[in-house]
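Pasting the structures here.
Shared between the two complexes below is chain A, which pairs with chain B and chain C, respectively.
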Partner chain A sequence: MSEFKVHVRQREDDIHVLELRGYLDAHTTPVLEESFQRLLHEKKYRILVNCRELTYISSAGLGVFMAFIEDVRAGSGDIKLSDMNPKVFNIFDLLGFPMLYDIVPTEEEAAAKFGAR
Partner chain B sequence: MRVRKVMLFSGAVLFSVAVFIINAATRNIDLGDSAVVYLRSVFNLLAFTLIFLLVQIYKREHPSAAVNSLSRLAVLSGIFLAAYVIVSLLPLRGFKSEDMKLFPQDYLTILFSSVISIIAGIYAIATVFYLKDLILYKRKKTTARNFWVMVGLFVAAAVSTVTARPLEETFLSGLLSGLAIVMIVVNSFRLAWIAYLPRKEKVYALLYSLLSFFGFLVVLIILSVSEGWTQKGIHYYSPPLFVFVQLASTFGAIYSGMAFISTLFHLPTAEAFDRKQTEISSLHNLSRLINQVFDLRDLAETATKMVTEVTQASAVWLEIIPAAGSDGQSGLLSVRNIAEEDIRPFMEPAGRSLRTAVLQSRSMLMIDDLHEDRRTRELPRLRTAGSILIIPLLSHDKVIGVLYATKEISYGFDKDDTDILTGFADQVTVAIENARLIERSLEKERLQRELMLAQEMQKRLIPQQLPEFPAVEMKAVTSPALEVGGDYYDVTMVDERRAALVVGDVSGKGVGAAFYMAEVKGIFQSLARIYPSPKEFMVNANAALLSSIDRRSFISLIYSTLDTVSGEMVIARAGHCPFILVSGGKAEYHRPGGIGLGLKGGQVFAGSVEEKKIVMKKGDVCVFYTDGVTESRSSAGEDFGYDRLLAVVEKNAARSAEQIREAIIHAVWDYTDAKGYHDDLTILVVKWTGGGRNKAGE
Partner chain C sequence: MTAPLTYRLTITSQTNRLNDVRQFVSGQARTHGFAEDDVNKITIAVDEACTNIIKHGYGFSPDHFIDIEVRRSGPQFEIIIMDSGKQFDPKSIETPDMKEYLTHYRRGGLGVYLMKRIMDKVEFNIQHDRNVLRMVKSLS
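Our next item is the complex of A and B:
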């Protein structure tokens, strides 16, 4: 049940997409953290998180985004989120994440918000 | 026992005196075959039987080790010889012999004949007893039988001379003596005790057996060839005694001689035998130790001590390699016979390569000559080490420690050493693993206790009792998912009329969350009175938290003031679950804006927080809760959710605050069975009863 996977994919516009799948809670956050760390290590700051297959996110999971956002923005990049199902969006929304992050319905919209390179 | 000994002794003395009196009375008379001769023999037999019993008791009370028995034999023969010589030197007139009969020339001769005869008898009996110890050291079925047959033949050969004249040699006595000697030879092959002697004792055994061999030999020679009166004195006193003493001495001489030769042949293998012995006892000790020593350091101490004993290594030390990811004890655990600076070369790069090689190959490494071997030529010369043996301690394919042993000489370790030490290493490994397991379980127990303590502390942070008001009921509950949690609720009075209510949820679970929860309590208690507006409270609480909270943690909070007289509630939400308001029987979620605390400071936060003002009317219910309620999951993996919660509240809204709270809890419990999942969970129910105003007659 607590299966969680991250698939990283690079788009043509130099945006790295993290496709989250499954259940993100305190036990599975290290997987996501590792993905972020690797991107930051490679100085890839344009990060798009596609949440199409993310079924649940706990407060610990939300914490991962908070942990990296400052470094990403300091590298003049951003973390943008897309394709959330309503339940997951509700969790983000309750906490006020839409005020802190771009959360948009589709990956393309999110990519567009990065602007050209 | 004491009484018995005294009786035996007195008896022996009595019979001996009787014999002496008979001898004295019949000094010049040829007794021939008269009854007196038999009487005297009977007295003699009784006297020596009593001595026999006395010696038996003494031997039983003073058991002696093999080597000691052997030394006693040497001493016995020595004492008898000394007594014999002293008595022989006395100026006595001796005997006149006539037709193989002896006639004492004076009473002193009779007296000293008695004395030396009794000494001879004790000597012979004691000799037989000490030899018995050695022969029966390791008994087989036939061992004891052969011994007693031999003793029986001694006695028979002796008794057969009862009727003979003192210097007469009878055929029967000769025959029985011959048989006795055959049995002596047979018994003299019972030398099992030699093998079990440690090397040092074997050397002593060699010495003692040689001494007693010559002792007994001289006794035999004197008894056979001496022409002095003393030898005749024993004959005169009792011919059977003379035969017995002769046979016992023969026995002593032959057995000592055999013992000497056998010990001599055992000597070359003595060291190997010793080592096997030590090895067995050390392994035995070690396996016993495994069940006794739980302290790693003690264990290492014992292990190195044993290795030193078994291999005679000049220095032994044990290095424990902590399991990956543990902060357990590491490094040198026990160092024996060596100064730490002598070990250092092996810990520094040049010597360290040996260790690395062992860790990589996971097999033993032996260097016969540290000064010549190319692997160790770089090492500084050590007076303490000429050869070294390094053995890895392997547990489940992992090296948990390394055992080092050095000898001062080169080529110090042989195959035996490596065999023993490899076996030894396995035992030590098991012992270390055991010790670690116990250490870990103790540690776990300690943490458990601390966690219980934390739980107790946290319970005190939650109000034991909520304040009571005439017009409003408040009931709350909180239940952490783990021992401690990050949920929090509290109520405090802002002023005389208004109460401040708070329900919060720290991100994450467990001890980390519990710490922040305690901080939230401090912030709530101090800021609620300073900032009457919920929005102002939130902004200031956020500022306070931002300075201390780590980046990835945050806190969701719902905060409300409640005018306990007018029913006005001003509610602000910071990232928290929407609250439920049941007004006029209709339940609805309300969700004023506001992002979580600790996420973002300044204007972004302040701009996000909204206040919601409501006025409670009679029967209205307000429910604050944490996401543990809505996110509780059934075993099928489905959330309890907002709709179910709303339905339960609406359905029970007419009941008391306490009943509403119970209804929610039961609904959640029923929904999540044993396999289900729940997070920290908190509920605060506020029900406006309007009681006060009615009673006030408004």
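Our next item is the complex of A and C:
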């Protein structure tokens, strides 16, 4: 069975962190979609995606970020990504995603890019 | 010339079978001698192909089949994926301009683009009323 889990955590700087774990493919994307929907519903637009334990992503997974980025930025927030392993980063890179998203090595660097609140 | 080593996997048209496809293809690619980076990329190309078939070919109807065949011959690693879903017209897929794509927040249609970026050759054909996708990558 392919396993995928999202753990949501709120930081003191009002940033919500989605910690992704496992395989993000066409089967598991609804789990991530639901997490984004919940945050947007609560008008939480400062979203940091920690990919430390994300072992795999296909274009279905990348599509989730595309689906929500517009609404998140319309709410003056952003989706920033951190701690990506090279295998996963390769796929983001093949599709040119670093052009549209901040993808940085650590969660602290990603948080700093949001600016203070 | 020796006959290629041929390995097969058949799955039902369900996204929960994608993990089995990845296990099968990554194992084959690793045994063939690809480095981990290429193993991962080839695995994604096949995942994308099967996802498209489940989604567009069979419209998420779960009781159909997808046949996946790996043929290994010399440096060549060939994957044939066959389905009986809606006939696929490769001309209907335009290669997206990624900059344009991303700045307009488009969604979907990235699978074929990835397959073409990753593999040396990607060919769509129709044989005996079945869609036949052939992808090739060779050890360099």
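Throughout what follows, the second predicted complex is superposed on the first by the 116 of 117 C-alpha atoms of A that agree within 3 Å, B and C clash if a C-alpha of one lies under 4 Å from a C-alpha of the other, contacts with A are read in each partner's own complex, and residues count from 1 in each chain.
Here is the rule we go by: a contact is a pair of C-beta atoms (placed from the backbone, for glycine too) under 8 Å apart; a residue touches a chain by one contact, two chains touch by 3 or more.
Predicted model, so just to flag it, every value in this text is computed and none were measured.
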Clash or fit, chain B versus chain C on superposed chain A: clash
Partner chain in contact with A:I103 - chain B first, chain C second, else both or neither: neither
First (chain B), second (chain C), both or neither touched by A:H27: second
Touched partner set for A:A67, first chain B, second chain C, both or neither: both
First, second, both or neither for A:V6, with chain B first and chain C second: neither
Contacts of A:L94 with chain B and chain C, given as first, second, both or neither: both
Partner chain in contact with A:I79 - chain B first, chain C second, else both or neither: neither
Which partner reaches more residues of chain A (counting touched residues only), chain B or chain C: C
Contact residues common to both interfaces of chain A (with chain B and with chain C): 1, 26, 58-60, 62-63, 66-67, 70, 87, 94-97, 99-100
Of all residues in chain A, those that touch chain C in their complex: 1-2, 23, 25-27, 56, 58-60, 62-63, 66-67, 69-70, 86-87, 90-91, 94-97, 99-100
Chain A partner contacts - residues on chain B that touch it in the complex: 505, 507-509, 551-554, 556, 574-578, 591, 593-596, 599-600, 604, 608, 637, 639, 679
Complex contacts: residues of chain C adjacent to chain A: 15-16, 18-19, 22, 36-37, 40-41, 44, 47-48, 51, 54-55, 98-99, 101-103, 105-108, 110-111, 113-114, 117-118
Residues of chain A defined as touching chain B within the complex: 1, 26, 58-60, 62-64, 66-67, 70, 87, 94-97, 99-100
